[in-house]
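Per-chain numbering from 1; labels A, B, C and D assigned in written order.
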Amino acid sequence: MKVNYKRVLIGAIFLYLVASPVFGEYKFPPPEFDTNYLVPVMRTVPARADWLVYLDIFILIEVILLSAWASLKRRSRNIVMLISMFSLLYFGFYKEGCICPIGAVQDIVLSLTNPNYYLPFTAVLIFIIPLVASLFIGRAYCGGACPHGALQDLLLLKEIKIPRWLDRSLSMLAYIYLGLAVLFALTDSVFLICKYDPFVPIFRLTGPFYMLLNGGFFVLLSLFIGRPYCRFLCPYGALLKPLALVSREKVTITPDKCIVCKLCEDSCPFGAINKPDKPERRKAKNRLVVLGLFISGLIAGGVLGNYTGALLATYNRDVKLAVEIYAYSEGEPEKIILSDYAKEYIRTGESSLLLYEKVAGVKNKFKTGGIYLGVWIMFVMGLQFLYAARKPKRDIYEPDSARCMSCARCFRDCPIERQEKSTGDGSRKQE
Amino acid sequence: MDRKIIFKNGIWILLVAAGLVGGYFMASSYIPGNTAVNEVKSDGAGNPALPENFKYDMAKLKQYDPRQLLYGEETKIKTGLKEPFGLTVNKKDGRVLVVSTEGMLVCDGAIAGKVAALPVRLEGPGSVSFGFAGELLLAGRDRVNIVSGTIIGFGKKGKGVGEFKYITSVKANAKYIFTADAGNRRVCKFDLKGKYLGQIGRKDKAAGKNFVIPSPHMDMDFDSKGNLWVANAGLLQLEKYSPEGVFVSSWGKHGINIDEFIGCCNPVNFVIDGGDNFITAEKGVLRIKKYDKTGKFLGVVAPPGTFNEKNTSIPLAVDSKNRVYALDTIEKTVRVFSEKGY
Amino acid sequence: MMDQENRNNILRLFFKQVAVAAAIVAILAALTLTVYYLSGQQGNIQDSPVLTALKAKLEKYPDNEKLLFEFRDQDLKERTAFFRKSSFLDYGKNIFIVFFLLALAAFRLKGVFTERLPEVKKGSETVYKTGELAGANIYMVSSGLTAVIILGLLGTFAIWGFQKLPFEPAETEIKEKVIDLSSAWNGFRGPAGTGLVKDGNYVKEWDIKTGKNIIWQIALPVKSYSSPVVYKDNLFLTGSEAKVLKVSCYDAKNGSLKWSSSVMVPVKLDDVEIMSEDAGGAGYAAPTTVTDGELVFAFFATDHLVCFDYAGKQRWVKYFGKSENTYGLSSSPLLWKKNIILQLDRGGEGLSKLVSLDRKTGQITWETKRPVGASWGTPAIIEYKGKNELITTGEEQVISYDPDTGKELWRVKCLTGEISTSPVYGDGKIIAIDVGSVSTVSAIIPGGAGDVTKTNIVWSMQEENQAINTPVTDGKLLVVAMNSLVVGQDIKTGKVLWKISLEDDFWASPSLVNGTIYVPSQKGKVYIVSYEGKLLGTMDMDSKCSASPAFVDGKIFIRSEKNLFCIGTR
Amino acid sequence: MEENKTKKVSRMEFLKNLGRGALLLFLGITGGAALARVKKKPAVWQIDPAKCIQCGRCATECVLRVSAVKCVHNFSLCGYCNLCFGFFQAGQRELTSGGENQLCPTGAIKRKFVEYPYYEYTIIEKLCVGCGKCVKGCTAFGNGSLQLQVMHDRCKNCNECLIAKACAGKAFVRIPAEKAYITKEGRES
């Protein structure tokens, strides 16, 4: 058997390489068999090859560029859909959604505070590439390359429009979620984004029950609401939004020929198209009030965040362990059933006071982090408030470049666009 | 229009039927067993408790009746050797000898002397014992040295005649030297000059016996009548051979009771004391027990928990006063046990 | 022949029906799976009660073949069921996915054949019809509302987060109090560890039968060789009671129990094999406690150093790993500046060490490995030529260390056998005694570096008796209580000044109190000897006295095996 | 009017360019800092058998329904014992593969007679749930040839391994991907 020989040979070489320098000589010999029994080799399946990871990066870049081309230049919904289908199949179901830029946020953050944390080069690239891209070509990553987004987008069956004020309010959650995820990652507590990601278990078709339940909920939601996770929760989307706002290229519908028909606004399931407006100028007094509110909000956020952080600290594993050890050392040892963690900790014989000290450090980290979290939340809130108060003059329907996912639905529904397409001028140049 | 209706109803029926068939297969592939609901209790750290069947309780196996304890620890000798492997007592002068590849330690009773260099270089751990005439038998992994004024060495690595793979014990009586070679799973017989005379085991179909040695533990000793006893560890038995090396009888059985041997391969070490009683050492559940010459369980010498749990063998020796010397190879100490009231 | 529109209509209808039917199947599958998933097993096989019961039965009737086959059948059935369940989940999942995708595709295709031009939806304008200003206000109001909600949430969390973790110390830093320990008997053999008392009026006569000069006496539930320690009204004792380690605090005025706390160490004492007091070992709690006036430090033979506060609450515990000391550890902890110094001569290679721990936290401040095996003495800190030295006795040698850093200063090889005596210092000489059939008393001058065996031994003398306790000296007279002998020597020369032969054995150390020597004995007596070597009296106690007495404010606290006595005039 | 508009737009454009530049700089700094922390070699999760205490969490904590951790058999260490404590329960009735004798809760170990007195024990990987019971038995009594390992055809190599977070013995380590398994070779008893 050819295959068998190969396996034995590879195994032997492997064993030789691994074991021989250290232990080689004195190995107790296995029994000698009279029958021609061949000692099998321990089953080891090699890990995924390294170059494949770089191939993924390459594909990611290509897909982002392609998606941008399809939405900005080719202006074709169908091509964008095809790209996102590919992403769903490749990044989603084949790669099973790991590692993705959404989770990479935590890797980056944790590696900045903990130099010993294992941070692969690819994680940095995967994190940074879509961000840089969004500065130039908008949220092309969300539109075509993100398997999470692709899944939700393709699931959208019967759209239910949610009012704008609700949309704007809910989109705040993403920033809070981002803040929390960063706080938990910084303190090495838990990777919140990964733990509660709704779509990874769907890509894997298996997972812990709570994850599957979460996934099912979001799938159900996506049937009726356009990209609920992207719009309201995605922490990476929260990062992309401000970058896309100053993007060089952005989706425009028909700036020169807009007939203000409102079709595009209806076509957008993400509420990302602003309608024409002719506001009056606001008075400076109002702005002052808003500014005052803004600053006091920041302070309130900081103060409250401080204590909120202290509460969040109790979700840290070390803190839980310390609480357990404390309960053990205060109560009657016979009656308390210790967890394995506590048993292991006790076995090492460290002073419990040291643990308490460490935990105090963790809690302090959380408290400081909580201040930043509170300020961050109130800062974003304030910006949102100011943004709402702002009234730019607009004559035509225009996509909100922060919210636009480059899905190209608006082109599909635009009568002018249709007309041009039907007259054969397919690849219309953008003004 | 008819076709339309057929379409309309046909598709409905077809699809629901397909679903039902699927469901039927789903249901039929499921044989209702006993479905105890997994009661997930939370421990203090907020983690689900492990189901009980994932626990593998070693504590249960370590239980013993304190009334069965026959011996008490008398003293402990620190060896100062890095990797001691061999222990023997010269029954004539009561000196304890502990051997490691880098040197040996001679103790007078409980008082440790200085670490001295070995008379001969040893390749890897092996075994040590005193011969009938007081000569020192010093074995490395695959070479035996007879030290008595002059040094006679024999053996090399291999599986042929007079070759060794993994010597775990070497003992001599007035006529012969016996070596237990765990690597080759055989006992070899030599004369006092190192001349090969024969072997026991090694799929010796004629003799009808075979040593089952899954791990490098295979001990030997002589009783007062000069019979050779070999620990057939894989069978959890002690086997008796005549002075000439012919199989006579055996005893020992496996089980979880204190008088039985537990594990894949026990006893890992044993020694026969002046009263022809067996002192046996086991790994896994590290304990030393005492049996009489018929294999009747007498009691416990060292209960579980006495030795460092990382030990996988406990070389044993007895002196003329029937004190039991046991070598803790991890903590590098010789522990001396004597009968209570001694 | 159908026209275009008709064909589209039929296809649309077709796909609609496919979609609805597939959706129904998918939903059914999803529901079944969910119910199934929740119905118990989540991927791991369980020991079922049926099997467990059968197993127990089988063990009871091992020869019952029928039972055996019943067990095997049931076992196989359950294992099969487990994997059937697993495959059921997989299979059901596949059904769900296929039908779900089918439904999705059908809905999409239905859309393809419903070719309609996009049109402005009716009624969608209403929200914004309230005017431009109103539209803007809606955003403002919603943003404001969100802000309020989030602030509210933050506030709620903040209220919960305001609570402290149970072990968090109070915010206010406790200031370092300077505690006067000069009048206390706060450790092994007094505040200086010398066993020397220079002031106070102590009785030389008492009777436990008549109660003469007995202020109070209490029965001790705990057992150990450790000595009582007194600070102000608090008397601390350690011991083991029914295999539980205890630290107890009594009122020194009347002997009432203030508290008795079990030591929370994460081992069962059954797992720690220690030679008990009955077997001639030191037991679990031979080391004497030490207190700094705020905290009590108790060391146990289980290798745990435990810190209690005066309320009886355990503050910290430090574990040093399993030791190999034959008789059990007996060296008492020592107070030094902010630290606790502990001599851990625990036998075994690399196990012996000297450690210094921070009093407050139990954190190790320094640690020095000792090249010796097991020994049982307590170190002493002396001042020699303005420098502090930590003198230790151990296997074969006396070693001096710097108590602040743990650096070795010098060593003298003058000891043989098992060392259980502690060094004492007087008249510029360190007295070290070894134990054997012969005891050698050596006087060593401190100072120097390295091995100073040849230069620093001033005198040494041998006595054919065993001394396992610690001598006492006032700088002139050295009193050694040996086996059946109490010897008074001149510390300058080692010359024996007097000798008292007694049919007794001494484990407790003698004390020199204003020129009178108190020697508790193993036969349950306390011998009172004058400075000149005259036996003044023999006080009978109830049982053997292995602990050294404490002398505080005119009261003598003597711990016998069973009782604790407070002796003095009322 | 027209001129005014272009002017305004260009001012806006300038501001946007400024913002873009600032954000790029920020991204550059973040990326650079992260790159400084990058570990060059690709790594995977694996269990160090020396630290593994066989607590059983591998079976329950993995993100996959059936854990990526499986028991593997390092045959070169195996003693081919008749009385295998990875296979048999302590106190087994007899040395057969009857359900009452087996330790494995799923029956995932196959016992095959090789020749007297040797038996081969093979893990049926499909049935193994990674509970580590057999590993515990073999480590305690035998040569420790059974060990738990993360199988890389199943492991998703999550950036935060949930089992690693839950591992009581802290036995989960990241090791270079080219040497993705930790065998006990040579550490035989």
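The criterion applied here is as follows: a residue touches a chain if its C-beta (ideal position, glycine included) is under 8 Å from a C-beta of that chain, and two chains touch if they have at least 3 such contacts.
Given the structure is predicted, the values throughout are model-derived calculations rather than measurements.
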Ask   = Counting C-beta pairs in contact, does A-C beat B-D or the other way around?
value = A-C
Most centrally placed chain - per-chain CA mean versus overall CA mean = D
Key: Chain centre separation in whole Å, for subunit C relative to subunit A (CA means)   = 45
Task = With chain centres taken as the means of their Cα atoms, state the distance from subunit B to subunit D in Å.
result = 32
Inquiry  = As a quick test, compute the distance in whole Å between the mean CA positions of subunit C and subunit D.
reply    = 34
Key: Where subunit D touches two or more other chains at once, by residue number   = 55, 57, 59-60, 65-66, 78-80, 105, 131, 143, 188
Message = Quick check on subunit B: which residues sit in contact with 2+ other chains?
response = 47, 50-51, 53-54, 213-216
Inquiry  = Give me the residue numbers in subunit A that touch at least two other chains, ranges are fine.
reply    = 26, 28, 31, 34, 317, 323, 327, 338-341, 343
Query = Can you list the subunit B residues touching subunit D in their complex?
reply = 47-48, 50-51, 53-56, 58, 60-61, 210, 212-216, 234-236, 254-256, 262-265, 283-285, 312
Query = Can you list the residues on subunit A that touch subunit D in the complex?
reply = 15, 18-19, 22-24, 26-28, 30-31, 33-35, 37, 39-48, 50, 53, 96, 98-99, 103-104, 106-108, 111-112, 115, 117-121, 123-124, 127-128, 131-132, 135, 190-191, 194-195, 200-201, 204, 206-208, 211, 242-243, 245-248, 317, 339-341, 343-344
Key: subunit D residues touching subunit A - in the complex, by the definition given at the top   = 16, 19-20, 23-24, 27, 30-31, 33-35, 37-40, 42-44, 53, 55, 57, 63-66, 72-80, 114-115, 118, 120, 122-123, 125, 143, 149, 151-153, 155-160, 162, 165, 168-170, 174, 177-181, 183, 185-188
Ask   = If you look only at subunit C, which of its residues touch subunit B in the complex?
value = 10, 13-14, 17-18, 21-22, 24-25, 28-29, 32, 39-42, 44-51, 74, 77-78, 80-82, 84-85, 87-88, 91-92, 95, 99, 271, 273, 279, 324, 326, 347-349, 373
Interfacial residue positions of subunit D with respect to subunit B in the complex = 54-57, 59-60, 78-85, 90-91, 103, 105, 116-117, 131-133, 136-137, 140-143, 166, 188-189
